[in-house]
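Alright, structures below, take your time with them.
Here subunit A shows up in two complexes: once beside subunit B, once beside subunit C.
Take a look at the complex of A and B:
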């Protein structure tokens, strides 16, 4: 074969192949996206649309009757209990967020900046996840014998002479609910913040120090702005988890406090599906608005 | 074999798994195919599997084992809480063959056409079933209690009918399995005074130490017993309240809650046991076996009879609509076995009551029968069906004999016409 014969053949071949590739390219992205689209369609869009549709149906003690009525929404939004329950849920979310954020930030900060070697960072990080090896219900229930009227803590306090009668607010109260939330969800704050902190270029901190910034200034003006995406992701986790929770509130308040999730669970258990669906739609809209608001403050995509 | 294990463990285990799956699939196909053919039943009954679901109280593995032994077929049990039972019964009627449900739930479920009534002529011991479930009267003189009395939902007009019959007919909806009379449980060592009335539940003396169960349709009944005892509310029928009666009842509860009367509300059996055993609560709505469970921990607990009477409940077995052919025959066989004594004795020994007392008596010792059914002091230690000591010799059952307890039922668990309104109000109480 001569050397001159080769280039044209190669070019045509490449051109021809290019044509096929270009044509294939047009379908390929769709094919590549198809599995995800299908999954989301079947497992996310269809169920949500179903919930929205059912929320307009009518029901009686046993049956769900296809219809188009607004009574579910009227009864929901017209009831003072709904508003009280939503406010209470928001309060839990706010309290849980306000505590998990500083705790999570502190833990992540310690791991990222005070622990020197990567090995120890990973070891300590894994230690943080150890509680997640058991079910969160078990982790929650373990608080009950600890905080109870005759529980370990009250016994200890009485034996030490700190108090003379058991502290009743410790269990089956808002205190115990928020405590359980903090215990369960702090890790969801630690992980994204830790991740964001690990991505910070250490040279920036050196530069800040060289420019004369003290530790506090570095924290406030360098580290905090750069970990904002992590904080935003952690906050979304914590807030959405608390907003949708029902079992923590039920167990830790001894069934005495209400949350939206609990309200929905009660409605489902009584076969009042349309009412539960309407409630779920309202909750979904509210949580979406909260997430959008958080994303407004921090543009996660830009900063990732 | 050994060689192949040494060679590739994962391949072998995968192959084993495939083999297992294939066998399971084969079995499934086999059992499914049976219904399609007219078969000689004695030969094929061993292949029948009946799937039963219900609340934990009567879904006992010991029963399934005994069924296998006595009847030869397999009974698969699934235990759920009472809310989940209702849901499953209505929304997944193909997922079970036998539903073990409560009578008040039956009132909700039967009109949904998921169960078929049973032909009483095929039920051997039908004539011996305790009359509460047939005529509604324990003895000819007794009055019928309020609420969803079992006999009122026990019969339907015909084989395909959904309307409950006023009189016994040939078609029975549920065959009673267990029932009991509920009252308040107390910690006699901690209450500090005799408890005699339902109204003691919201006596300020027990502030922060009381509990009520948070299953709306049952909790509202306990609440009604309390309000009636206090004289706060007069009811036409506690089992079917008017909106006004519901409002008043919920108000009494809400006021008590706001004053800090309740320590917690419970929803499951275990929760009620823990609340009582840990001393968080000294007086609360309770179920009989929960009292036994607290006592089993060595903690004093009494199922206190009260002057206003008991709130009763009952459960029974219903047949799924889709059952036919051999499986239907097996289901009838199972029900006849259930009423034939062994199961009844087993349930009686747990502190419940069984549907046919005559047959159960034959499977219990005289001492056991005396203790559980006649209110006599135990001669020897009373053992649970598993052989654990439940009561020491000399003990007397709280509340006394069967007649004394079931004869003093004030109200049955019920589902009301104003169910939807009641649930909304109950949720307001919980959120208050």
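Take a look at the complex of A and C:
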């Protein structure tokens, strides 16, 4: 871990310098942080506050009426559909997490401990991260010729004699939704876990081996505990991305399944903004509770 | 592990697993790349019905796919604006965090929360805000802001990572040799930061260029490319969809290659210097 933590060091040296200079140095950080603060205030804080305010407004078929009513929340929480949708979204998040974690761990472990040269580590690491910089929608569409009724997988299975008619559940089903989540988000698991593994002092592993630990014990008692912060960060990414998703569920389930994000998107398209806002507030509270729970395991500022 | 030269069985098992993972990552993309060369009579799945560039040509006929050219130009322009602002804002903020200021922890957590707040909420919030203020949402205003809430946290985290590994003695040395603060930044700090700045730029451009959810309610009446592609998925049933997917993916690969190439080139030049 780096010695220079974020709170500045060297203040004593700076304090020794003259008064004028010191004052200028004090104002400078505020000016430097100002663009970030302004951007986040205008495009994150104010919009979220707006959502919270609008969630108490009233609406009818054609317009939104400023008011203070609780009907949006009452209708939302009183509906069985809401609960089913939230449960379904949580199920997606749990499934995506349960698959991306071991896959991401195995991939990161291979890169960190089995690839011997730094150059190859970098190359293979980039191979894993490049898809992150390409379009998610196109990566989802790419599954259609693969999983469809006449897709590659079904044809291969029929040719091999495994099944006699095409499997219908491969596309536009929960299976394809979860598959797409794994496809899109595993690298959010790989990157932080790899990062954590690369910081493990290799001498610790040798010490464990000298002390008589076998491979499994080293993995379980040395590497896994030291990788926990990376696992926590990866889990936060995967869980929050799945919880807020609507496009993957819409495209990959072919309209068969529901998620909270999709529910909000539908309310938006019907111009039921206060209903969408109330739903958004509930989702935000839920996601934040999940994040806080996962943050108990890790102090992110120490991990950079 | 460097202990012992012989590869154990676990190396081969994990290596095979890794290879499968890479196949899983890239296989579908390769599949649609092949299918986009489908013959004029071909459909959305195999078999290939001849080989042609028909669907690429089809892409450039206006009636076939909405306003592909216009949305591409808008996404490109937006990507460049987001990239520049992301670099500028996250690097300056990085300097601020380095010196420390009151409220830095709060700002850090606010920035990180921007990553975990679902995109659709950012989209909805900005959309509502613009509606209430009776402003017309557009790709260069509301969508720009929405994209920044996604790219800035990545930018800042990268800048943090580099500043944390940054040897302060370089700056001290520059100062001791009589450099002004600006000269120190210009001739010492920025050159050291340059490879990571390219990294920040790469994130800024590509994340904006491909962003869908945050553009949904913020792009206004003129679509960006991902919105256009999404629109196509619901009403286009020919391989022209794959042709567009292949083209934008090739474009992304070019940008990524340019960015990573720049980083490696700089590293190599530094190594020799």
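FYI, the second predicted complex is superposed on the first by the 259 of 304 C-alpha atoms of A that agree within 3 Å, B and C clash if a C-alpha of one lies under 4 Å from a C-alpha of the other, contacts with A are read in each partner's own complex, and residues count from 1 in each chain.
Following the convention adopted for this analysis, a residue touches a chain if its C-beta (ideal position, glycine included) is under 8 Å from a C-beta of that chain, and two chains touch if they have at least 3 such contacts.
Just so we're clear, the structure is a prediction, and the values are computed from it rather than from any experiment.
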**OP:** Please tell me which partner, subunit B or subunit C, touches more residues of subunit A.
**Re:** C
Original post:
So, does A:213 touch the first partner subunit B, the second partner subunit C, both, or neither?
Top reply: neither
Original post:
What is the contact status of A:172 with respect to subunit B (first) and subunit C (second): first, second, both, or neither?
Top reply: first
Original post:
Given the touch rule stated above, what does A:81 touch, subunit B (first), subunit C (second), both, or neither?
Top reply: first
Subject >> Touching partner for A:95 - first (subunit B), second (subunit C), both, neither >> reply: neither
**OP:** Have a look at where A:148 lands relative to subunit B and subunit C in the superposition and call it first, second, both or neither.
**Re:** both
Original post:
Is A:244 in contact with subunit B, with subunit C, with both, or with neither (first, second, both, neither)?
Top reply: second
**OP:** Using the superposition on chain A described above, determine whether A:263 touches subunit B (first), subunit C (second), both, or neither.
**Re:** first
**OP:** Using the touch definition from the top, say if A:69 reaches subunit B (first), subunit C (second), both or neither.
**Re:** neither
Original post:
Across the two complexes, what residues of subunit A are contacted by subunit B and by subunit C?
Top reply: 144-145, 148, 150-151, 268
**OP:** Using the touch definition up top, name the residues of subunit A that touch subunit B in the complex.
**Re:** 60-63, 75, 79-81, 84-85, 88, 144-145, 148-151, 168, 171-172, 250, 253-258, 263, 266-272
**OP:** Report the residues of subunit B in contact with subunit A in the complex, numbered from low to high.
**Re:** 83-84, 86-87, 90, 108-109, 111-112, 208, 211, 214, 216, 257, 262-267, 274-275, 278-280, 415, 419-420, 423-424, 427-428, 430-431
Original post:
Which bits of subunit C are touching subunit A when the two form their complex?
Top reply: 1-3, 8, 10-11, 14-15, 17-18, 21-22, 24-29, 31-32, 35, 44-46, 85, 88-90, 92-93, 95-101, 104, 107-108, 110-122, 124-129, 131-132, 145-146, 148-149, 152, 156-157, 160-161, 163-166, 168, 202-203, 206-207, 209-210, 212-213, 216-217, 226, 229-230, 233, 241-242, 245, 248-249, 252-253, 255-256, 260
Original post:
Inside the complex, what are the residues of subunit A that reach subunit C?
Top reply: 2, 4-11, 25, 28-33, 35-37, 39-40, 42-48, 50-51, 54, 103, 106-107, 109-111, 113-114, 116, 124, 126-128, 130-131, 133-139, 141-146, 148, 150-152, 155, 183, 186, 202, 205-206, 209, 215, 236-237, 240, 243-247, 251, 261, 264-265, 268, 273, 276-277, 280, 283-284, 287-288, 291, 300-301, 304
